[in-house]
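Note that subunit A is present in both complexes that follow, paired respectively with subunit B and with subunit C.
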Partner chain A sequence: MPKTVLPPLVVLAICLFVLPLVLSALWVKVVTSAAIFALAAAGISVLFAQLGLINLAQIALVGVGGWIALRLNYATPLPVTLIIAIAGIATAAIGAVLALPALRMRGLYLALVTLMAAGAFQILFNAFQFPNGGEGFWGVARQSAADIRPPLMVQTDVGYLRYSIVIVALCFGLVALHRVTAPGRAWAMIRQSEANAMAAGVNVTFYKIWAFALSGLLAGVAGALLSGALGQLDPRSFLASEGILLFALAVVGGAYSWAGAVIAGILYKLLPALLNDFGVSADIALIVFGGALLHAIMTAPRGIAGQLIGALQRKPS
Partner chain B sequence: MMVYGLFLVSGLAVGSLYALGGIGLVILRNSTGVLNFAYGAIAAFSAMFAWQIADWGLPGVLSWISAVAVGILLSVAYGRLIAPSLAWREPAVKAIATLGYMLILLGLIGFIWEDALRKINLPSDKVAISLLGVRVTLTRIIAFAVSIMAVIAMVQYLRRSHTGLNMRALADNRDHAALLGIPIVKTETLAWGISGALAGFTGLIFGSLVRLEPTVITFMVIPATAAAICGRLRSLPLTLAGGLFIGVVESMLTLYKPAAPLRTMAPFVIAALVILWMQRGQKLTFAKEA
Partner chain C sequence: MINIENLTVKYGGVVALDGLTLTVTDDVMGLIGPNGAGKTTMTNAFSGFAPITAGRIVIDGMNLLELAPHKRARWGVSRSFQKVQIVGDLTVAEHLLAVCDAKGIKRNERVGVIGTVLDFAGISACRDMLGDSLNPYQKRMTEIAKCLIGAPKIILLDEPGGGLSESEMQDLRRIITQTKNRFGAQIIMVDHDVDLIRDVCTSIAVLDFGKLIAFGPTREVLQDEAVKTAYLGR
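So, the complex of A and B:
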């Protein structure tokens, strides 16, 4: 057991104590977003690795979480951490609603339903925008946006980075807990054969909805954290195309381990920023991502994380 | 009345583009089992290439032909180089792999052509007739006519020709078709080619009718997929009907003020309803793959 717990703790410690010291102000923001999107990618991985379900609408759920968090932040005096929890739970409920079609279908048709959902949400976000302190239910002000409250004891960007990483780590722990307890076992059986799982007394419906709710929770928390990190959300960050990209990167990173989600977050946010810094066009990143997705699907189903772990575990002969 | 006619005509034009996209997707999916999400990217690449040819001052006919040729080339390249190694995987994995190709093409387009305002001028834009009191350009009529002709031609082709028979056999059961000695690779290449040609043509017309913007054309694949879903990813006539219906609904919603900003949601809502309706009465998914 300690062998599997050690690496994530080391990474967590580095993120908490080393990164804030070495990063400049700009990169603190980039790393914060990378950590947040690692969480969203973890939600994709839960469905893909545990149940073999393809969810292209994760980015839409991130947007929903962000919307709820912004709305509550302007409308209520609740503590920000509580708002993040509420946003997560509310998004989990919406994720569970998305699961309803998934109860009857899998494979290609489910991927298509989520793609349609992603397309629909993209238009909703565009039509209604994100709250920025205005009046009314939609809360969109025409003029300048109002500031949102930061979490307690978090005054700086570095503080927010630490705060986000702690929450992301807690959520990763929640996912790990699921894998080793009853839901994880039920998911494994469902993935092998739904008929057998049902025959063995597994409540297939319940555990499928549970998986979608967990995935939605991660997306909602990610969205809420993102709204706090950026202060304002742009509908253009939640296009269906971004959902496709995030899914692709979750597969490229490796859906079967927490490290894969972290790699996905890094690829999604950090790599484009790095390339930009080096003066390389972001289009190159797209070409690389596309090639990496093909490579991952054809020859490396466990993604980069799987290859790294495999390389580390191989004993020198 | 005039207003309705106007939106009906523009709806049919957009709808026939969705339908054309959907038909290309269905033809390919029927014989190879691949739902090609890169379809829109292929269309976008072809449209940009056609623009480039026209921009170099070469004659318009050449730019038309080049769009179709590039479409075939890109589609067959994937079909021959990448698709065979995924042939025995489940449909969802095949579809996800094409997302990788889509990203590659999207990156290439962005790399080759800088973002700018571009326009494809087709000679058919200048010719127009009056219909229901609305001026209808020849391009729109071509889009509409080609989508209908493509369906009729493909249905007849599949029904009567020898290669069409091979395609149908492949669609039914790939393993059995291989066992019977049907040249699988040849038949599939043909399907990739036909689908690519349609993609190139769709991209060209889309670039002229709607907007010549690579990302817009690339993600036209989503409403095109919606049209294909209306045909259960199988039936060409239903795909055509679905595409036209979606286009007209989307266009007509403009007239109803509260729904106007949400009108582009029409393809997604209609497709989601169709999927749910198709799965009605089905309780368990078991091992059966869609």
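So, the complex of A and C:
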């Protein structure tokens, strides 16, 4: 077994078998959310690390995935796992549309376009809300939300934590597979320079769109999982500013490895909850994140994950 | 055979190539001229990176300009860049695999194809080294190995000799002169090194201010008074 496969499997085993035993009911929910947002952060990392593209609209795509999953859950009798797959694929298609400006722009300009998109989705979510079991296409009723179906054989919060972690792990595997096969190599050529990629015969347009679609798929699956974890979604969770925060944390965690996405998920959901638990305002987390971002930009371009991996690989002298 | 007909490239008001007409039948043609003469612009015109306003490039009956840049590469236009394009975190073999992916080389043929080009470029030992750990010569040879994959019809080399030592230049000479026989590709080479040009090119085209000022067998062109004035400053 290659060395690189072992650490993620160990972490997966701990998450599946140890965490459910030691966490209290409240923390099971928090860790579920953290795992889900780790998946969303992985989508940001695909674009940032593989192509150097900045996508601030990931949180909006998480919302889109969540909307689709809720809508299908109320409107159809489809199995929940299938709904999650459909939400992922549909969000991937919307992510691919976001790729169109990226064919012409990069850097700050692309970041601005994605921020505008995030702002547009924020307005849409506010205006139409998330389905809660009501009538019609938008499915919003002026009442408390109706229950949604859980996945088969998942009765408890602990079960849903395990279910989420398995799906997140599968998606991480999908990303890893991309990195070592043709798309990963094509992305590397494009990252070097688009002229270089084209001169080698790489279809730059296709592979850029593919990267956005993969990123969108991860966001859509994350959104669908989130809707199942919370039972209902609140437009305030999907503000454009949250998209900026999630991007920043993906960089802080480390965009170049799966561990970075896990760290981003932990920072995004676990740290504020921990601060609350200590009786400190969760807003302190924002200050910590700001400092961490400065640190990452100045001294650790590969993020916390890069520093950890570097420390582990260094041989004792 | 490569037919360039009335090729014109303009960057805004600057005419980088001015009605260039040229038929290349030699295995290795040198393209020389002073800085800013339009040499790199011409290689970019082949690749599809230059704004062509008029003219055609026809190779073996195929009008190149009808194809998108990546399709030209798949059809058989390979090139290296003046500044080597090696990705730091890909191995040499992965660079070559990326080209195999793009050019649709079948899975069961890849190991053979990659082995052949690595051996020809003399860098078989670097197969699993990361781009970052290669020296400039190994990077240059990796670029050339990339160019050889997928039965190229023409290879454009933009200053392949830049920064190489004399013994490394000997390897480069061998590679350039044997490419047509081994891989069937014509080479157009841009370089400033007159010794290298004299040794490997059977014909030379000389550009100055976007115009063709001389074209013919190497020895004759290098003796041409107009060429000496424009290029050698004599």
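Quick notes on this one:
The rule we apply is simple: the second predicted complex is superposed on the first by the 316 of 317 C-alpha atoms of A that agree within 3 Å, B and C clash if a C-alpha of one lies under 4 Å from a C-alpha of the other, contacts with A are read in each partner's own complex, and residues count from 1 in each chain.
Rule of thumb we're sticking to: contacts are C-beta pairs under 8 Å (C-beta built on N, C-alpha and C of every residue); 3 or more make two chains touch, one makes a residue touch a chain.
What you are looking at is a predicted structure, and each value in this text was computed from that prediction instead of being measured.
Contacts of A:A117 after superposition: subunit B is touched, whereas subunit C is not reached. In the superposition on chain A, A:G107 makes contact with subunit B only, while subunit C stays out of contact range. Looking at the superposition, the partner that touches the larger set of subunit A residues, subunit B or subunit C, turns out to be B.
Contact with subunit B, but none with subunit C, is seen for A:A127 once the two complexes are overlaid on the shared chain.
In the superposition on chain A, contact of A:R179 is made with neither subunit B nor subunit C.
Judged by the touch definition given at the top, the superposed model places A:A199 against subunit C, while subunit B stays out of reach. Shared-chain residue A:R191: touches subunit C; no touch with subunit B.
Touch criterion met: A:I284 reaches subunit B, while subunit C stays clear of it. Looking at subunit A, you'll find residues 193, 195, 198, 204 touch subunit B in one structure and subunit C in the other. On subunit C, the positions that touch subunit A within their shared complex are 47-49, 69-71, 73-74, 78-79, 81, 85-87, 89-90, 94, 97-99, 101-103, 146, 150.
On the side of subunit B, the complex with subunit A involves touching residues 35, 37, 82, 85-86, 90-93, 95-97, 99-111, 215, 218-219, 222-223, 225-226, 229, 261-262, 264-265, 267-269, 271-272, 275-276, 279, 282-287, 289-290. Of all residues in subunit A, those touching subunit B in their complex are 54, 101, 103-113, 115-117, 119-120, 123-124, 127, 193-195, 198, 204, 240-241, 244-245, 247-248, 251, 281-294, 297-298.
For subunit A in complex with subunit C, the touching residues are 182, 185-186, 188-189, 191-193, 195-204.
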